[in-house]
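Following are the structures in question.
Here chain A shows up in two complexes: once beside chain B, once beside chain C.
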Partner chain A sequence: MNAVTAGAGGFISRFEGLRDRLPGAELEQVRALREEGAATLREKGLPGRRVEEWRYTDLAPVAQAQFTEALTAVGEAPALPAPRAPHRVVFLDGRLAEHLSQLPPHAAPLSARLEAAQDLLAADHGMPLVGLNAMMFEDGLFLDLPEGRDAGTIEVLNIAAHAERPIAFHPRHVIRLAPGAQLTLVETSTGPAGATYLHNPVYDIRVAEGATFTHVRVQREGRSAFQLSTIRARVAAGGTYDNFTLNAGGRLVRNEIHVTLEGPKAAAHMNGAQLVADGQHADTTTFLDHAAPDCPSRQTVKTVLAGKSRGVFQGKILVRQVAQRTDGYQMNQALLLSEEAEIDAKPQLEIYADDVRCSHGATVGALDPEQLFYLRARGIPAEEARAILVQAFLTEAVEGVTDPIAQAALEEAVSGWWEREAA
Partner chain B sequence: MLRIEGLTAEIEGKQILKGIDLEVPKGEIHAIMGPNGSGKSTLSYVLSGREGYDITGGSVTWNGQDLLAMEPEERAAAGLFLAFQYPVELPGVGNANFLRTALNAQRRARGEKEVDAMAFLKLAREKLKKLHMSDEMLKRNVNVGFSGGEKKRNEVLQMALMNPSMAILDETDSGLDIDALRIVSEGVNALRGPDFSSLVITHYQRLLNYIVPDRVHVLMDGRIVRSGGKELAEELEAQGYGQASAA
Partner chain C sequence: MPAVAETIETVQSVQEGGYKWGFETDIEMEFAPKGLNEDIVRFISKKKNEPEWLLEWRLKAFALWQKMEEPNWAAVSYPKIDYQDAYYYAAPVKKAGPKSLDEVDPELLKTYAKLGIPLKEQAILAGVEGAGESPADSGRMPVAVDAVFDSVSVATTFRDELSKHGIIFCSISEAVQEHPELVREYLGSVVPQGDNYFACLNSAVFTDGSFVYIPKGVRCPMELSTYFRINAKSTGQFERTLIIADAGSHVSYLEGCTAPQRDENQLHAAVVELVAMDDATIKYSTVQNWYPGDADGKGGIYNFVTKRGACRGARSKISWTQVETGSAVTWKYPSCILLGDDSVGEFYSVAVTNNFQQADTGTKMFHIGRNTKSTIVSKGISAGRSQNTYRGLVKISPKAKGARNFTQCDSLLIGDQCGAHTVPYIENRCITAKVEHEATTSRIAEDQLFYCRARGLNEEEAVGLIVNGFCREVLKELPMEFAVEAQKLLAISLEGSVG
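Up next is the complex of A and B:
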């Protein structure tokens, strides 16, 4: 057992003590899923940098921390911000807090609906963090929208509430849209500034024919926190999965998204922005599988880095032979505001179809001296000019999001970032 | 009054300005004409404080102040305006917001009261109307997707709002059709008065039909080789730079 596997050892031994008490222990399928996750983790440990997909993100700090499970919330609930939408789902330490939530129709805590949801829990396919989640998850959002249902905008708050000692929580979110259903989910993750905790969510998402899921995630974890999230979405013919993820908080964050376009004219948007300040590491890794013809995909990820920080963008697009007339676009832009900041960008196109339009591009740079001079020549002092240009980069990064509730959540995270971080 | 004495400057070790002597008294408009590569744009950038130029000798005083010791934003606040040959695009920055931020930065630097959003909008609309421009211009991002003519108009709008006491126009006429040329000229002429002076840098005499200069200087190979009245511009147009500078 190498040192990194040892990092997973703590999780495995805790699982061995808990396995009969975890939700779904009475369900054969759920038990099998957990055991499979444990096997993956035993075999592989937490991924090390020798694994190609993890070359730029080092999980050693996660392996070294000694995490325990969050205790059941007792006593006072944390103060919550005013709701932005009529329906809000609040999670405390990965458990759905029904008394603090205004649950929308067709939504339930996963722990209460495991029998109905178990067929939707996808295997880990050898991914250690998904295996860890499968092994340890206690709860999550189960949202099962019937045909043609427009659920409007639902707000989700993920709060690390009891992180006085290092806790780990692994929520499992299962979201299924039947044909023609529509949903906008605006999620915000937060936690106390100085607390060490691990938030390791996994999402199983199914978007059926003609359904549209707009999924906006605002990651504002505490600055000592780890968030390692994995989304796996399958989109049927004419359906759309539209993801926008803002990475702004945390000490070490990885946001991994796998989308499979399974039917003709299924669409995927995987846009995002990463604001990475001194001491932070943010990783956006995506895998887009074009497995059907006539599918469009769009991806723009913008990263701005200040201080001693590191950003990662890995974007793989696979166009299978069957996926004729694929229309793919990928753009990755990074703005480096400090000489100690680093961005690693790895676009990867693998194309087996012959009638394909796939374009991609990347830019990495500092603030444009021409733009700076233009602002200064108009009387704007250098510091203010820099702030304007950083804000402009951020504004552009989030401007593709049109839902007003999502816009408000993003705006709150983005505004004043440079003033806070660069000073 | 702008006084340039023995100004020499180089870029990346290459000497561009080789000793410029020039005075623009208050209230006058002077034109600088010269062929490509004579140092026209370098002069405008050195005067406005762009980085990347090494000033190796000489001095520039502006109303008694050492202009070269001032930051670009200080020069702007002191009343110097550069209309760019190639106005820069600022994606993600709204034009109205940019203009108000610039105006207020200058006012703040001069110890004047800032203009609030309502008062600014009123002022901007007034200027737009005078310049026959649409309010639409305020809603767009700064110069993004603007045609060449629109970019130059936006420069003139900025100039009208900032109300400078000295404007440097760096080949503002390049790429303009007659209508745009007229609007740009009207913008400059509207500021004309005993407290406004301007340095109009151009390759062609055409602009000077609309902005009639008090003096014309010919810049060749980093030096002013000839100065004269407005008729010198016509002579240059007729005879070309080679002939006129030798005369």
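Up next is the complex of A and C:
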């Protein structure tokens, strides 16, 4: 057994002990899902770098940490920031804290609604981290919006509360929008600065005909934390899944998104920004499956790197034969601010339909010397000129987000980053 | 526009045509026993009267190969290759020094005639002494040719002319005998024996190939060329090419290849190593036209090739240009290791796949020296039920200050049963490097087709014209005569893809 599989071994043995006490133990379907997840993890272990999808992100530090699950809820509620929206859902160590939340209509803790939600839990399809989540999840957000309902903006706080020993939590979020429904979800993940923990959320998302889901994620985990998230969204005809993810915190972070456009004129936006500072590793990996005709997709991901850090972008666009008249666009840009930073990019097109317009672009480089010169020629000191240009890059990266609540959350994470991390 | 006229003419001739190089030459051959083992490696080495060190080198490769696994990461699929079910050595039986054309095996002669090699050169190719050594009398630019027929080089032309400049151009078997010190120094120095599965196999069983050495400060006065021909049934071709351009020299090298039309799949696993010293330039052009299999995907060559150049010297330059129209399966990534400061790597590629062809091709650019520059332009055209993948790596080490890469990959789809894929890897560890990548995928625009049709071209002619335009950036990099051939090939390869 190599070290990586051994890392999975700890999770598996705890599952063996817990399996009858986990939520949904009485439901055949949920039990089967957990067993299947365990089988996947047993077979594959935590993915190593020889797995093509993981060639740039090494999970050895995750495998080496001795995580345990947070078996008891924290006694004391942490101080919460002022709410930004009328409805707020608060998670502590992956468990929905109802007493701290203002739950919107049609929302519930997943642990309480597993019977209703079980058909929406997708199989792991051989993905070890999804298997790990399936095996161990205890709770999550279950949000089931009825036809035509506009849920407005809902805020979600994911807070890691245990700080004394390495814990792992695996929330499972199930979000379904019926035809014509609308939702904006603004999610922020945070945790104590020095705490080692693993946040391994999995999202099962369904967007029905003509529904629109705007999903903004602000990842500001503690700097010793791991976040490995997997989103799987299926979008029906005329629906839109609009994701923006900011990776700013954590020691090692992977943001993996799979979107399937299942009906004509379904749309996907998978935008993001990664602010990677000394000692951090941030990975955005996306897979977009055009499985129906006439679908547009747009993606812009910007990464800025300081100190000794590593940024990864992998973006695959698959256009199936049926997906005629696909219009796909992908752009990924990286800005290097340090001699010790590394960026790895793998944009990928796999196209089986002929009547398509697909393009991708990638640029990697340092601050443009001409732009610096322009500013300095106007009397701005070098450091300040650099700060202005970095801020401009970051502002541009998040400007696609229009929801004011989301903008505020992003602004808070982005502002002053350069001064804190690099200057 | 003669080129366009030529294209149209070719497209028309194609209606009856198909793969016109698909004939087989019936000639007396000598084979090694079928199969692959240490004895075969020894057999080949002995046949070539090789020194002990080279036999040891081969045996080491063979030992390594037996422990390796065939790669499966490329986007191609083919039935498992039985490496024991092939001949690893096949050579025409040599009749000692024919003095005139009449004495040469008429079958061998006919082969060259059919492949379209000019008469003067033909005499040389068949091993006739003293003919065709005056480059000026034909009026065309002379091209020195090394012809490889199955496992052996049958002739190399213009050797005397070249030797006046100190240039060595011969088969690698001869180089082993006559310039062992050069071969020993450079063989495997760019592509080591254990580099990859197919290169490793080649290192064990390579039978022939070309060797070029351009001395310091010499600009090679003519194009050098190798023509590879697989003829015998159930053989694999494993050639090895080594080109060394010493400081300040310049050479342009062309490579062409064809094979008979057969139902069986044949393996071609070549290794090409280029070494460029300070201020040297190597331009390597390939028109790859191995038999692609028939319209139902039966037969064809498996073209699993390792090509790599090392820009060892400052300001050196290696430029790869390839037009890939043949082979059932292609697995090929001509690469540049940019070690010298200010060195330059280029990769220009057109890959056309039709029917059931599969191509997974691209390049790797390793930036190690300061201010190294690389340019990648790849044009993929898929038709029929084919799959066409660009796979490339641009890797920039922390030392490569000021490195620069520009990559453009365009794919064109003709028909809705084929696939076009782009898999670029960008790995940058240098703050002052700049990397740009662009890729597009589209089909031929209706308005372009309409424009051509309205001017009286039929659909196939129109497609030929548009495809040639799509590939222009790459085709213009080819030496003149190759460019014309490449344009014809593009049209032929796309035969039957429209309408």
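Keep in mind that, in the parts below, the second predicted complex is superposed on the first by the 420 of 423 C-alpha atoms of A that agree within 3 Å, B and C clash if a C-alpha of one lies under 4 Å from a C-alpha of the other, contacts with A are read in each partner's own complex, and residues count from 1 in each chain.
The rule is simple: a residue touches a chain if its C-beta (ideal position, glycine included) is under 8 Å from a C-beta of that chain, and two chains touch if they have at least 3 such contacts.
What you see is a predicted model; the values in this text were computed from it and never measured.
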item	value
Combined model on chain A where chain B meets chain C, clash or fit	fit
Degrees between the directions from chain A toward chain B and toward chain C, using C-alpha centres, nearest 10	70
Chain B versus chain C as contact partner of A:A193, first or second or both or neither	neither
Partner chain in contact with A:G361 - chain B first, chain C second, else both or neither	second
Touched partner set for A:A116, first chain B, second chain C, both or neither	neither
First (chain B), second (chain C), both or neither touched by A:E396	first
Partner chain(s) touched by A:P347 [first = chain B, second = chain C, both, neither]	second
Which superposed partner A:L80 touches (first chain B, second chain C, both, neither)	neither
Touched partner set for A:L336, first chain B, second chain C, both or neither	second
Touched partner set for A:A25, first chain B, second chain C, both or neither	neither
Partner chain in contact with A:V51 - chain B first, chain C second, else both or neither	neither
Overlay on chain A, chain C to chain B nearest C-alpha distance, Å	13
Contact footprint of chain C on chain A as seen in their complex	52, 321, 324, 334, 336-366
Chain A residues touching chain B - in the complex, by the definition given at the top	368-371, 373-382, 384-385, 388-389, 391-396, 399
Chain A partner contacts - residues on chain C that touch it in the complex	73, 398, 411, 413-443
Complex interface listing, chain B residues touching chain A	48-51, 71-73, 75-77, 82, 84, 87-88, 90-93, 98, 101-103, 105-106, 109, 158, 162
